Amino acid sequence: MAHPLPSVPETRSNATFDALMWALSRPGLIRTLPEPGMDGLIDALIDSECRVHTDDETLARQIARTGAEAVPIAAADHVFLTAFPDAAPLDHLSLGSDLYPETGATLILPARIGSGSRLRLTGPGVDGEESLRIDGLPANFWTRRRALIRYPMGFELFLIDGTSVVGLPRSTEVELL
Amino acid sequence: MSLKSLTRDWEPMSYGFLDASAKREIRRKMLKAIAVPGCQMPYASREVPMARGWGTGGLQISCTLLNPKTKVKVIDQGADDSVNAASIRRFLARVSGAPTTLDTLEADLIQSRHRIPEEKLRDNQVLVLQVPNPEPLRPVQPNMSIARQMHADADYGRMWLQLYEQILRAGRVMQGASYPSLVNGRFVMTPSPIPRWDVPKLHMAKHLTILSAGREKRLHAVPPFTRVEPLVFDDVPYRVEEHGALTCTRSGARGFFMNEIPQDDGSSAFEISDSEYGVKTLRQRDGEAVTFGDTWYKHGEMAQ
Amino acid sequence: MAYVATRGGERAIEQSQRLYRAEMGAITPERVAETRRALPYLIDRLMGEASLYDEDLAALALAQTGGELYEAVLLLRAWRTTQPRLQVADPVTQDSLLTHRRISAAFKDIPGGQILGPTLDYSHRILETAVLSGETHSPDPVTPADTPAPAQHPSVAAWQADNDLLTAPEPDRTTGNDIPDVTREPLLFPAKRAHTLQSLARAETGGVLALGYAAQRGYGQAHPTVNELRLGEAEIQVRHPRGTMFSAGRVKISTAEVVSKQGAELGLGFSATLGWNEVKVIAAATLDLNADGAEKGSPTEEEFFLYHTEGVESSGFCNHFKLPHYVTFQSSLDAMRDAKAKKAQQTRTPEPAE
């Protein structure tokens, strides 16, 4: 029987989401995006129902084409940052509420995966414990994250390094070793 | 700019039936569901070409995840050959070209109503469970807004009270399927109407489980390696159905969840509920080389 | 065990659908056209519940399902949900409607006048059995009025607001994509006003009637007076990408305002839907009127009536009980037998008395 064929963007979004879904399901394990960078995430996740914040002009243009509303960081459900010199923006992220935890934001940051600070991860999705090296984030990033998250309130984090992606849901305990 | 530039080229049907915006919403909600295990995430739940209550929640998840290489297995009450499973399998293949399989070991994605296969799922498999009622608090609180507040407050006292009253009245917890379970120590969820036999399979499992209720417009998830603990009292242990010693009259398989078939003489015969596991057992008996996966239950007991 | 059965299941499905359609014969363009012409009120009801205004598609859905209304609505909803959303039309106001019928039970006469319009309200319900013995029943032609009624009318509630009889609702200035859309976001409670009105607009007529009737009989706090019932046509004004506004056509709509005395003022309930469907809008406006302050779990509580009048969901769920449930049943049997055995054991070995 003839069936519809996936378009190129459909195939890319499908593969991007597969990487994101497994990245968040298994925190700390590195997954592979079909294409490097954040563009694919925007196509897979963002449309006119989203409120998005970014510091990058090129990304901002791509986001505008999806119909999403450009908003300050505190009002955003998705935050794409390309420069992240200090952890201050974390304080503005939406953490959702006990009633609606899902309104907590998703933060997408560039990082170097595999070098730098050694982290120990525990929590759902982690078989015992997982260790991970992350570089390129401000020194107080992990302590700020820990201070902000009041589970089930919190935010999700995707770290992007070329085609590599790591996901850290709010449920993951991160210990800086 | 013209009117045409506002729209896409006309296609008789989107790939996987759902349009891109419906898929994006489901993706966003699935990520949040994985991030907060057991917490019900509201979603718009589009209409699909199948009636509400017939697996439309699971269908929307499957339609979002599918690509032409995803091997799909669909079961209903444990069976691949039930009419509804056949209908959903045919629909998924029709809208995506995805190959289908009956073998749990071969599947990338398993959409199921009311059962988890007997063979252990791996860390690259997704189990999509169809959910009629996502709210475990419904029996004690039918109002959705109040129930949501109770989840926010982790106020599960009335749940416990209900179980306690059952023990008082009947000498045991009377909950059959859909046994309420605490996920990651925070949210009480319904595991969907799977038998009690199947609930321990979710605890610290390797696979990802997505539970989706299309009619009620809620989805929740159990990520891999996540605690799923049936609500029990310390001194009244959790008990699965007493099927461990039963034998399938057709295949000879023993120690798995069974369907009871009433007989003309007033007795009961039993048939294995996981139909494909039964088929494999039969084929092995006929001398075929068959690969069985590791099973959760061994000799009728949940392996520790 | 399953090889044959699997294919057997698929064959059974195929044959069951053939059986369903066997008596109906071929679906031809002529049949669809005749359905559309002969059953405009059924088409209207269907378009309202589907929240899709397309008479041809609605007629096709009726032809394809043999008039199984729940199936027809689901067909249209499933089609609708995959269509791209090009534009959000300009808001339509009551005083801009091209009015065919407008009646008020609150006043003997109203500014702009009562317009009886098309209705069977005062017909004698007698079957034209002669048609069955071969005669043709042709309705008598309409005699136009000497002076046609004006096409546009203000709402009765607007007059009452001007006369301090009720507080007009705060106008909602939200436009375009910012208007909450219940088909693209989840319904949560307390519901957004737009979600409430949209849900009622696409609710199942019978369900709305049942709950609205319950409220009218006394399970609601407010006894409704039909302030204004209107059947009309609304102009769909959309913006061309070049910037100019143009009319994309007209759609038939029904609106109802119902009021009741609440202290020194009138309380107002409102409903509107696509197509002409009077019972639905009166019942829905009654529910809207009663929703404020309704007790949790009562039929006039918003959560209660919005959930239970959603026809695609309620009919689907009701039908799903036909699906096998033997796994859950087995699980219950196991618990029941064990409880029974425990009880039997207890009666055999009574607890020793203290």
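Here the chain labels run A, B and C in written order, and each chain numbers its own residues starting at 1.
Basically, a contact is a pair of C-beta atoms (placed from the backbone, for glycine too) under 8 Å apart; a residue touches a chain by one contact, two chains touch by 3 or more.
Just so it is clear, the structure is predicted and the values come from calculations on it, not from any experiment.
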Chain nearest the global centroid, as defined over all protein CA atoms shown: B
Pair exhibiting more inter-chain C-beta contacts, A-B or A-C: A-B
Whole-Å gap between the CA centroids of chain B and chain C: 33
Interchain centroid distance [CA atoms averaged], chain A/chain B, Å: 28
For chain A paired with chain C, centre-to-centre distance based on mean C-alpha positions, whole Å: 41
Residues of chain C engaged with two or more neighbouring chains: 184-185
Of all residues in chain A, the ones touching two or more other chains: 48-49
In chain B, residues with contacts to at least two other chains: 13-14, 21, 25, 42
Touch list for chain B against partner chain C, complex: 1-3, 5-8, 13-14, 17-19, 21-22, 25, 42-49, 51-54, 56, 76-87, 90, 102, 113-115, 132, 142-146, 170-178, 193-197, 215, 217, 239, 241-243, 250-251, 257-260, 273, 275-276, 278-279, 282
Chain A residues within the chain B interface of the complex: 1, 3-7, 9-11, 13-15, 17-18, 20-22, 24-26, 44-50, 77, 97-99, 101-102, 104, 106, 123-127, 151-152, 154, 156, 169-171
Residue numbers on chain B that touch chain A, as the complex places them: 11-16, 20-21, 23-25, 27-37, 39, 41-42, 64-68, 93-97, 123-124, 148-149, 152-153, 184, 186-187, 208, 223-227
Touching residues on chain C, where the partner in the complex is chain B: 1-3, 5-6, 8-10, 12-13, 74-75, 77-78, 80-82, 84, 86-87, 182-190, 240-242, 296-297, 303, 307, 312-313, 315-320, 323-336, 338-339, 342-343, 346
Sites on chain A touched by chain C in the complex: 48-49, 67
